[in-house]
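Order as written gives the chain letters A, B, C and D; numbering starts at 1 within each chain.
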Amino acid sequence: MPRMAVLTGGGDAPGLNAVIRAVVRSATLTYGWEVLGVRDGYDGFLNPHGVFPLTLGDVEDILARGGTILGAANRGNPFARKVVRAGKEMLVDVSDEVVARIGSLRLDAVIVAGGDGTLGIARDLFHKGVPVVGVPKTIDNDVWGTDATFGFDTAVNCAAHALERLHTTAEAHHRVMVVELMGREAGFITLYGGLAGGADIILIPEIPFRYQVLCETVQVRIARGHKSSIVAVAEGARPEGGREVIARPGDAVVVPRLGGIGQFVGKYLEETCGVETRVTVLGHLQRGGSPSAFDRWLATTLAGEAVRLAVNRQFGQVAVLRQMQAAALPLDEVAAHVKRVDPECDAVRTARESGICFGDQAPPLPPLPSPTP
Amino acid sequence: MPRMAVLTGGGDAPGLNAVIRAVVRSATLTYGWEVLGVRDGYDGFLNPHGVFPLTLGDVEDILARGGTILGAANRGNPFARKVVRAGKEMLVDVSDEVVARIGSLRLDAVIVAGGDGTLGIARDLFHKGVPVVGVPKTIDNDVWGTDATFGFDTAVNCAAHALERLHTTAEAHHRVMVVELMGREAGFITLYGGLAGGADIILIPEIPFRYQVLCETVQVRIARGHKSSIVAVAEGARPEGGREVIARPGDAVVVPRLGGIGQFVGKYLEETCGVETRVTVLGHLQRGGSPSAFDRWLATTLAGEAVRLAVNRQFGQVAVLRQMQAAALPLDEVAAHVKRVDPECDAVRTARESGICFGDQAPPLPPLPSPTP
Amino acid sequence: MPRMAVLTGGGDAPGLNAVIRAVVRSATLTYGWEVLGVRDGYDGFLNPHGVFPLTLGDVEDILARGGTILGAANRGNPFARKVVRAGKEMLVDVSDEVVARIGSLRLDAVIVAGGDGTLGIARDLFHKGVPVVGVPKTIDNDVWGTDATFGFDTAVNCAAHALERLHTTAEAHHRVMVVELMGREAGFITLYGGLAGGADIILIPEIPFRYQVLCETVQVRIARGHKSSIVAVAEGARPEGGREVIARPGDAVVVPRLGGIGQFVGKYLEETCGVETRVTVLGHLQRGGSPSAFDRWLATTLAGEAVRLAVNRQFGQVAVLRQMQAAALPLDEVAAHVKRVDPECDAVRTARESGICFGDQAPPLPPLPSPTP
Amino acid sequence: MPRMAVLTGGGDAPGLNAVIRAVVRSATLTYGWEVLGVRDGYDGFLNPHGVFPLTLGDVEDILARGGTILGAANRGNPFARKVVRAGKEMLVDVSDEVVARIGSLRLDAVIVAGGDGTLGIARDLFHKGVPVVGVPKTIDNDVWGTDATFGFDTAVNCAAHALERLHTTAEAHHRVMVVELMGREAGFITLYGGLAGGADIILIPEIPFRYQVLCETVQVRIARGHKSSIVAVAEGARPEGGREVIARPGDAVVVPRLGGIGQFVGKYLEETCGVETRVTVLGHLQRGGSPSAFDRWLATTLAGEAVRLAVNRQFGQVAVLRQMQAAALPLDEVAAHVKRVDPECDAVRTARESGICFGDQAPPLPPLPSPTP
């Protein structure tokens, strides 16, 4: 009986368990393959107990569960693995061990669900002869070549609902609410979550902002009768002119280890602009929770395609989404690029035109509203 | 100041208010147009009070609200409007009145958000000289030419969560749960909701089913140790060989006005197959509720594109979704087609391969499970 | 090491797994008892494989899960168990076998989570010497002596959210929406769910209704400018004068096996009153799903109290809720009563005063509203 | 026609709009009173435009909305109102002005929905002759004399779901997750939310904690095979021996204006205990959002009782919840006390017995688990 292994690497994303479930079900029920699970990413191949059989029973109840039953505790790159030798930490290439283990396990295919980093390693292993098929995964939506990655829709729903919850309390108290969202390099969660959650200001890594524009925007809103403003900030958003997050000239603040730009924006608005401000850091809420229907479906679809690619021996490919259908792209191509928010894209343009401020320039001004009773 | 009108036609869908909001905001803030709302679809043009100004204040709190603030109470086709004359109901073409009203209102553009029927009328009005731009809308996802329609994602989430809630209670009581979902002609909600909600059997209009296959599938599942089965049925699903829904030869049942195929499938499984069965009819829950983040974003994006098309005088176009970006297609093209689930598509194929039964043939069989303690 | 068993009987309710979890954790971690699980209610004592050890690991991930990991597939009353002898079905008292098995298992306590029926059996077993402690459970909230039962809050949230989703779509289309909710004998879910979901008409078993009052109420609402009406109907609601559900004089309809009073009310409103009506049957959605925070907390609290009662050898008691604290009542007392909605209670009175119709009399009339633009 | 006013004071809580709605509906429809709304708490009585008629139409769609349509932007105490005179801020007693305004408005009753502070002012106004009836409101559940306050259940659900979302991602990455929850003086949200969300460590103001106990608990959990730990921290939780939050001897940290104890606990666990830790600050998410079914029902019930108290001229009373029924208590009594978590109460005891650590002592230890594959 032919056999494939499945592994999940990098940060977890809602939908990983749907991938594992679909791989086991399709491979077992339709193609008669055996499926093995690999624990904690590529590390599982270096661990004597790291590879084990996955049965239909193991995946019975996992479709709706967040996280990954295979674990993702590790980001070990087998081409540059941290080891301690003679009291010193160093990076060692152990990829040959991985390749050897895959050989000794007699694996006919390895399905790898992961983001940028994990897929890049998959590509390198493919070039060393490992029969790899990739499945793109990341809540950040920053994998090139696919219309969407699973986990993203769930994260956007989480962000949008958080923003939405804040509207009524912000209005009742005439406050600014700042919400820091995930996204170190890519602002997709903040852009789409902000649009869907009715944010007034959206700050993303791809569009450097100016503190003064924030203050002006908030003050214009107040002048025009708005009782509150909602600010969605990506954790990787930065002011123009550098990566420092100094709130005011003269401040000697340092980026804190926990918490970040949201606190700085909040402090600035409260202290410099003089508007009552509250800050929420959503953090890992965005990575957790049960996947949305879209993410369950997407994860299942990509996994189904990956199994077919594996069974047909089309290795070195990634299963991607194209206009709501599965398609395949070479790993070489996908891993060579990253995806970022294009500041000229539709979503940004529409957001700007509908009055959202991105912190780089003032938004179009609404006329002074007539007084409400 | 140039002015555009916006109307929403046909059944309501979560996201319509996001369209109205984005049209008012973009047109007013960025392009300096006046926006008018049209009440209750095309009927508003025949009603002296049916067209009224829409301001920024009117759309302030509506992004997250289901339904449509413009109303959708009517499906009047101005080319074939029901009127009663001399005690008899007849269809009359009043489209000239609509065209005249649009002229007298000095509208520079009319943005029409609707499904098949509404867009078809929009096309016909365009050919009579009305400066129309379309926005596709339907929870059924059956509009041709767009990757997705808003309202669909919300409906699929609703369906998936309903199915998910039933798993644990079905297992606790060793029952079959049948859930009837929306979709008279197109099975998208049932297919995607069923996939995401972990359905074991999915019945859609595009794939006629056989009652006997349902019974066999349920019985095989019981024999293999599954404590329950979940059946997702589109309201338009029908058995092979005709549109009748007769459960057993000899039954003289008639399709009830309220409720439908779900009850028949449930009755059949309970009485003929002898398995305890419960039926849920989700009904209009799927059409109601706050739009998902995806639908809010999609509705906003298409509305933004529609405003740009209108401002640029590109009439007779529909704003559609292509790979997560807005694009435009001619109304003639969009209204000339319908979209249905292709029984050979990815989603169906992956579903079949992962063990889901579509009622036309037995699914791949799992091996007999080992007994659990 | 002393040992207790835990069993769950009757229909499942969200929170049962929280009970099992808290019993295992408290008994094991704090009191050093062993815990056994009993499969499928009292039946487990008659099944050689029906009783098995429950460990901390078994309850690790179940707090948020609906259903019961012990199963509830059976309602077998050991005092009157259905058996087939000589081809005939008869009821046999096998309670001595149950008592004997409990003895041979050397159980120092048996914790029984169940509703009316299950607790009545527990009382009878207690009088035969079994060291029983009860935990009341039912989504219907009809157990006497406790401020609330777990499962109820989850069911009410489910019902309220379903009603809420229907408002916008009902308004958009000027329709009546009828939602059939659980409750054969007690109307608590419909009363509280209806109040929380903004129902206009609430029909419960404790207050017989008249069809004509429904029609009048809906028509008065239409006359006063309301675009829609929402009707919440308990499955056990019945018209005055009998248990039949005949919609109109002359109708020869029979109560259908699947579906029920909701369909009749819907049919009546559509055909006799002439208002467009849609019907939703929520069904087992109300019994499924993850427990609400309140139900998780309540289930945990009652289980903790039950363990303390057991450890202190206070048998024949039920752990109940009194003003947000756990308390104990004799099984004899709890099992001797049922709880129903008192038609004169606060909730009904407040509902009536705020304009809700219970179908027995017209609600207070709102003045004619001023026309909206 | 007699007339009553309704005002909402202090921080907003989900359910305030349900109170306003029920007051308007009951008073108008059943008792024929006129209802006036007071804007922004007691301040409305000092503002010429601060009191205005509330109609049935004004409250039509607000049952499910968070916040308060009356505004709560102000915490002005008319007995000690901040004013600036001669460039200096001072506190002035303007209560006579409020009393005079209430007289000139010919109010027969004033219904005040608020927490501790607001109800204390209501009591003082009552003793100056104002016909006041109180409705207790606070997400913190710290009002004495009522089984529960509305807003609390919604906040607990929000907290529990946040904790729940973190479980899978915490496990996937072998991390500690710290979630800071609301509650400066009272730990109810953290206690009940933590119980319902499966927290392993719960820190509340009423039980001072020791940093070292946190570290030991987390390390014991790791030693026993738990892949993650979830810590729920009330914003008012403090270490033993003082109110400072210094993480380690020698640290010169100061409590930050934004963010707080959660960051300190997170920093301590990461840096001193050496376990990877992430921090989430839920913030105002807990105060926002649509009220839960329980809170909608509770708010409606208390408002109905308050209207009856007003109509029957029973002033100086507060409508409270007693065993799921409305009751009345003197304002003097309610405003004289506060409610805090009793460290010996049921909920804490059950939590401790089931293995939860409160930071003051190590929890009962689970046995070493057997290795999982």
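Operating definition for what follows: contacts are C-beta pairs under 8 Å (C-beta built on N, C-alpha and C of every residue); 3 or more make two chains touch, one makes a residue touch a chain.
Since the model is a prediction, treat every value here as computed from it, not as a measurement.
Distances between chain centres, each the mean of the C-alpha atoms, put A farthest from subunit C. Computed from the mean C-alpha positions, the centre of subunit C lies at a distance of 30 Å from the centre of subunit D. Each chain gets a centre from the mean of its Cα atoms; for subunit B and subunit C, those two points are 33 Å apart. Annotation: 41 Å between the Cα-based centres of subunit B and subunit D. Residue positions of subunit B touching 2 or more other chains: 164, 167. Across the whole structure, chains are in contact as follows: A-B, A-D, B-C, C-D. Per the touch definition, subunit A reaches subunit B in the complex via residues 21-22, 25-26, 28-31, 56-57, 61, 63-64, 147-148, 153, 156-157, 159-161, 164, 167, 192-193, 195-198, 292-294, 296-297, 300-301, 303-305, 307-308, 322-326, 345-347, 349-355, 363-367, 369-370, 372. Of all residues in subunit C, those touching subunit B in their complex are 11-12, 49, 52, 65-68, 71-73, 158, 162, 164-174, 177, 227, 256-259, 263, 266-267, 270, 277-285, 287-289, 373.
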